[in-house]
Amino acid sequence: MSVHQVLTGLDAVRADLEEFYRDLHRHPELGLREHRTAAKVAQALREDGYDVTEGIGGTGVTAVLANGPGPVVMARADMDALPVREQTGLPYASTVTDGDQPVMHACGHDVHVTALTGCARLLARARESWQGTFVALFQPSEENGDGADAMIDDGLTGRVPAPDVVLAQHVLPYPAGYVGIRAGPFLSAADSLEVTVHGRGAHGSKPESAVDPVVMAAMIVVRLQTVVARELAATTPAVLTVGSIHAGSGPNIIPDRAVIQLNVRTYDEATRAHVLEAIDRIVRAECAASGARQAPVIRRIASFPPTVNDEEPTRRVAAAFADHFGETHTIDLQTASEDMSLIPQAFGAPFTYWGFGGTDPAEYAEADKRGTLAHDIPVNHNPRFAPVIQPTLDTGVTAMAVAALAWLAA
Amino acid sequence: MSVHQVLTGLDAVRADLEEFYRDLHRHPELGLREHRTAAKVAQALREDGYDVTEGIGGTGVTAVLANGPGPVVMARADMDALPVREQTGLPYASTVTDGDQPVMHACGHDVHVTALTGCARLLARARESWQGTFVALFQPSEENGDGADAMIDDGLTGRVPAPDVVLAQHVLPYPAGYVGIRAGPFLSAADSLEVTVHGRGAHGSKPESAVDPVVMAAMIVVRLQTVVARELAATTPAVLTVGSIHAGSGPNIIPDRAVIQLNVRTYDEATRAHVLEAIDRIVRAECAASGARQAPVIRRIASFPPTVNDEEPTRRVAAAFADHFGETHTIDLQTASEDMSLIPQAFGAPFTYWGFGGTDPAEYAEADKRGTLAHDIPVNHNPRFAPVIQPTLDTGVTAMAVAALAWLAA
Amino acid sequence: MSVHQVLTGLDAVRADLEEFYRDLHRHPELGLREHRTAAKVAQALREDGYDVTEGIGGTGVTAVLANGPGPVVMARADMDALPVREQTGLPYASTVTDGDQPVMHACGHDVHVTALTGCARLLARARESWQGTFVALFQPSEENGDGADAMIDDGLTGRVPAPDVVLAQHVLPYPAGYVGIRAGPFLSAADSLEVTVHGRGAHGSKPESAVDPVVMAAMIVVRLQTVVARELAATTPAVLTVGSIHAGSGPNIIPDRAVIQLNVRTYDEATRAHVLEAIDRIVRAECAASGARQAPVIRRIASFPPTVNDEEPTRRVAAAFADHFGETHTIDLQTASEDMSLIPQAFGAPFTYWGFGGTDPAEYAEADKRGTLAHDIPVNHNPRFAPVIQPTLDTGVTAMAVAALAWLAA
Amino acid sequence: MSVHQVLTGLDAVRADLEEFYRDLHRHPELGLREHRTAAKVAQALREDGYDVTEGIGGTGVTAVLANGPGPVVMARADMDALPVREQTGLPYASTVTDGDQPVMHACGHDVHVTALTGCARLLARARESWQGTFVALFQPSEENGDGADAMIDDGLTGRVPAPDVVLAQHVLPYPAGYVGIRAGPFLSAADSLEVTVHGRGAHGSKPESAVDPVVMAAMIVVRLQTVVARELAATTPAVLTVGSIHAGSGPNIIPDRAVIQLNVRTYDEATRAHVLEAIDRIVRAECAASGARQAPVIRRIASFPPTVNDEEPTRRVAAAFADHFGETHTIDLQTASEDMSLIPQAFGAPFTYWGFGGTDPAEYAEADKRGTLAHDIPVNHNPRFAPVIQPTLDTGVTAMAVAALAWLAA
């Protein structure tokens, strides 16, 4: 009932939202530089009567609409774009650069911002259909993993009402119109480490004078394979990738150190802790096996928590989706990562996070039939990632409104 | 002059020595069971007027001939045979077994015993041609590496005159007639270790409950390759062989431990110590890398010292060989090992140890021409190892007499 | 309604079933030797009016009850025991040996046989409450993975009516009373391989004359870790365990071959094929890297298919369980394996397979509270595996009857 | 007699030679750019009556003095310097740069050039004391390994008389005054390879979409350790160093290739061929083990032959050194490499090459007593490598003259 009343306003705002989206897409901004985006959102929601605060954690924005007694629902969207040169060929493609870096909304955060702005607008225009408080939160710098922390460190929890639940969503390479959710683990934790091992350099013909860091690093890479293969259960998903290895400057000099960079994906804190401990253990042991005199340096260079949806709000949103969309999809575990969960954790609130499709359904179906989905559909971060505007935006607006109203419906 | 006078007696004893040799070859005895051999040697040297002591260290024999003032020269031969089933087809081949083990003089110790007995006899019959003291020592159990120690532990140094030099020789797959010697490192040290690594067993489908000792042992084997490849100079000879690896009883149970046995060959004490330390370091580090809770057990199961010929006596013997044989060969470094050097060490005496050939010179030359030496000439420990009787025995007797007389010549 | 009518007979047969179970437990029989078990089952079901055939595939038994038009439901139980020495201390513990092997129902197949016999009996005594055909199938030699094939090879499909669905269940270390089911992958495929790699033996001091099979096997073990770690998705469960490695007889001889045995667990045919191909690829490549002249021999020594429950019958049984037991549990993916699925495949019929608990619920709860479940509760194949008789047997009988009646209920 | 007559002139030229040396040291030139050096040498030898040819192979110089019938002796010196910033603090230290590269005679080629110029001068001034033909050859670009080839490719063999023997010498960190020589292997062959392995890139979270080149390269590094450790005899010196490994640009992207650079040192052509074949075999096998679709690219980036002194000329020079210097040292096998041997090979002539010391004898003796030789004495290529002028230059001039006169003495 409430849902119907709220969504009835969508027709009136659709064209504006689409233009809003194209404008965002044309003007992507890198993390913690989302000044234009933040200003645009703030202006829009102020027009709708929201109590807007800008500049939280640099460029973060909150917009609060208190609409009588009732639950507080926070909905979060991320605003930042990526250093990718757009190759979509869209009329509204980005040509923006930041310094010498091209910039593109290659991850669809422009969709998220538009959908949340649209949802907030619909709720503002149908205040009689719900009660409680709706908090729209626009977060900077998700890609770098430091935007949620920036807002929290800047006093977020004291600046908006504490939510009873936090909601978020992500556009993904499913067919537009698709909405999927899952309880428990949804997105992986991601931890990036840089490991520097110290040997002792020497002329290539004198290995007896050296502690060879190339062999040491190679043994570490090899040994690390046992973490996923031997230390975790078959049913515990995890990835440990050594993405880079660098040592030496020529064939004939044994260098004095080697540097490897690695990335770990896990889905729960116990596994995450186990894998990080195993890396530390293996790196130190392999340095000891080589007789290295200097300890290795292991540095965390990026870190995302796992995104584990709470059971109760997930079940509630799933039921609301089933009611509204006619069915609920259980979305697959994703190997991507997010810092979104830090926000509900800061408030001690439960949360749920779901995905929705952005791919042209016809294209998707054809690629699926050909068995070439993985090859033909550009995924997030790809320079050709180009969500179809509709029904993607409608789905994003609707899904967020339906979910919020699962708490706020009168 | 002395040499000529002593060797003049060889014609008279040659036939007896050959028969003595064939009898020894027919009746091989395993280490510390050389009762018949020892008795035969003792009887022969008593007949020649030696002061013979039997039973030192079980089956060891010494025979002393004091022949006036002058240096004390000790010459050592080893007596034991091997658990090998003879396949030489010789008329005097061994058919002996000890318990269920076949026994064969596959290492040529029967040649050494005969040559030393012959040399002792010639010296006894030409006492006017030399002066000093000649000590013939027949050692048990060289193959097991415990015979020299057995004699020393049984009071050897208090039971015979302290030598000024100790001499020994070994028949090798060079052409009969060849005698070669080298100063410094000649035979390798050999150390055999057994390493037991302890993991934690589990069903094969539950690696997360296990600490996999198969992977741990495999990583150790792989890592040990770096010792010779990366920790030693190109010009430092060494071998590290993992001869056995055993773990588990079936495909689907992760066992709780693995056992590897390995052997190290080095040529000097510094390298030996380095390699043994590296093995310890690597085994412990790989167990740590696996997160093993129980420390590995590293047990020395056999140990031979390096045989490093002293400079002065080697130069003196080489010169004597050059005088007598017309030239001196510098023999190659051998990868075999010996416990002989423990005897001079017990006395604090210098020593030199040389090799002489036992292969039919014509066969050797043909194989050499074909480039198939390694394939066609049976080497020591091979079931077809069959020294030609002559000129092998003559060379062995002569070389030992010439060397001894380098000190004893009047 | 039907369910209630059928199950009403349970009180009358409970005591007999418990005695039937204790007798089976006391008299375990190894695979393809289940003569006593088969005879006992055959006799019981003949008494109930079933059309019984014995000796299918050696010791397999089928019992058919045609009860008017309607679906044909086949229910399968496995009969064989394990070569384990029972350590339960139960009054009805096994003391049986077969040759020199102890025998024990350590996997609970006695529970399965009893539950199916009980279910068959209840259906026979309440024929008015259902219609269709019920086929009870008692399979030999599940543990060896050759019992289902033995029955199929012996003409099973021509000897009983073709089923519309096949049902099976397994007692597991969950609390007695628990019943859990899942659609899709449930049990893993299991493939055991024996790999023999051929090097070239040599004395330990002569690696240059050898192709070292110890190093070759160790490199294979190490390299195989990359299959699970690098070739499969994080969310694709799989295990590759090298359970045994054997080479060599001492520290100082490089042997001429090494043998490893390994076991692979996968949950779908594509992953299974990929992993088996990867093993073949890696073994051959590592032999090539070593310069082995002789190809490795890779021999399949055991093979179980994955057990992947069909969607439709699983949903139907889950709904029936929910109706009867008040709730349905989604059971976890198991790393165990089964040959049961070969039977429905032989008929082209769908199937579903579920688990039920056998552990004393109070013990389970306490261990769970202590966090020592993995340590304190003896699992299948453990010599102390001892299901509590009740409510285990009642649950097994009931679950099978409820599931069968999901098709047969009048 | 001849030697004495020739060397008698040394006192008269010593001061000039020392100044010649300091000037060369102050003006080092990189390979194939030795224009000033070549011009200086050419002028000096023309003054002495030599028939000088410049510009052979770019900057190479030959100077021929035909002095009646007799043997033709060629003596070779190398002229190029290294891109090293001198840190000797000498008054005549280099401050030269070439482009942005510092340049220094850090390998002592200035000593070689001076010694050969001095020897040539002494021979020119004492023509009555010898007969035959003396050819002084000044080679460019030894450090890059392409200078000898450059001269040969430029027609060297047709431009000077064919030598009966070729002589060369190198200053090394032995005490000044020391001269050492050895027959057979003296300097190692050196081969540098670059190996590019091709995998398939993917996001770090999707190893199943990738063929991981980091793991492939690491396995290659590990596997290559077995070449020296398992494929060569203990007594066959060889080094295989992987000096550099590079792959990837960050922690979370699996790159599509990896590049390793490696250097091989061997002392005979059979071992060299074996090791190069083993590298090829292992690289290809490890790529196959990873399932790489694209073959690796193995590129030879530098190559030096082994320097194996011929027996006869070495014995002759050793005897001449013993006569003149009172004793002959057998110099150790060196792990350095040279392209000098290509020159005698081009002529089909035998050669011998020896070393002489450049370290202050007092400093050397003190460091030797402290056991810190390896640490305290700067070796060739070190920015602090600073031969003492005397007796280094006298020794270099004398050794070359003594050696040449072993053929040319009247």
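Going in written order, the chains are labelled A, B, C and D, and every chain counts its residues from 1.
Keep this in mind: a residue touches a chain if its C-beta (ideal position, glycine included) is under 8 Å from a C-beta of that chain, and two chains touch if they have at least 3 such contacts.
Note that this is a predicted model, so its numbers are computed, not measured.
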Chain separated most widely from chain C, comparing mean CA positions: D
A-D, C-D or B-D - pair sharing over half of the A-C contact pairs: B-D
Contact-richer chain pair [B-C vs A-B]: B-C
Whole-Å separation of chain centres (CA-atom averages), chain A against chain B: 70
Inter-centroid spacing, chain D versus chain B (mean Cα positions, whole Å): 42
Chain centre separation in whole Å, for chain C relative to chain B (CA means): 58
Residue list for chain D, restricted to those that touch at least two other chains: 188, 205-207, 212, 215, 219, 222, 225-226, 229-230, 233-234, 239, 265, 335
Residues of chain B defined as touching chain A within the complex: 205-208, 210, 212, 215, 219, 222-223, 226, 229-234, 236, 278, 281-282, 284-286, 288-291
Chain B contact footprint on chain D (complex, rising order): 188, 222, 224-230, 233-235, 237-240, 265, 332-333, 335
Interface residues, chain B side, partner chain C - complex: 188, 190, 192-194, 203-207, 209, 212, 214-215, 217-219, 221-222, 225, 239, 241-255, 258, 261-263, 265, 301-302, 335-336, 374, 381
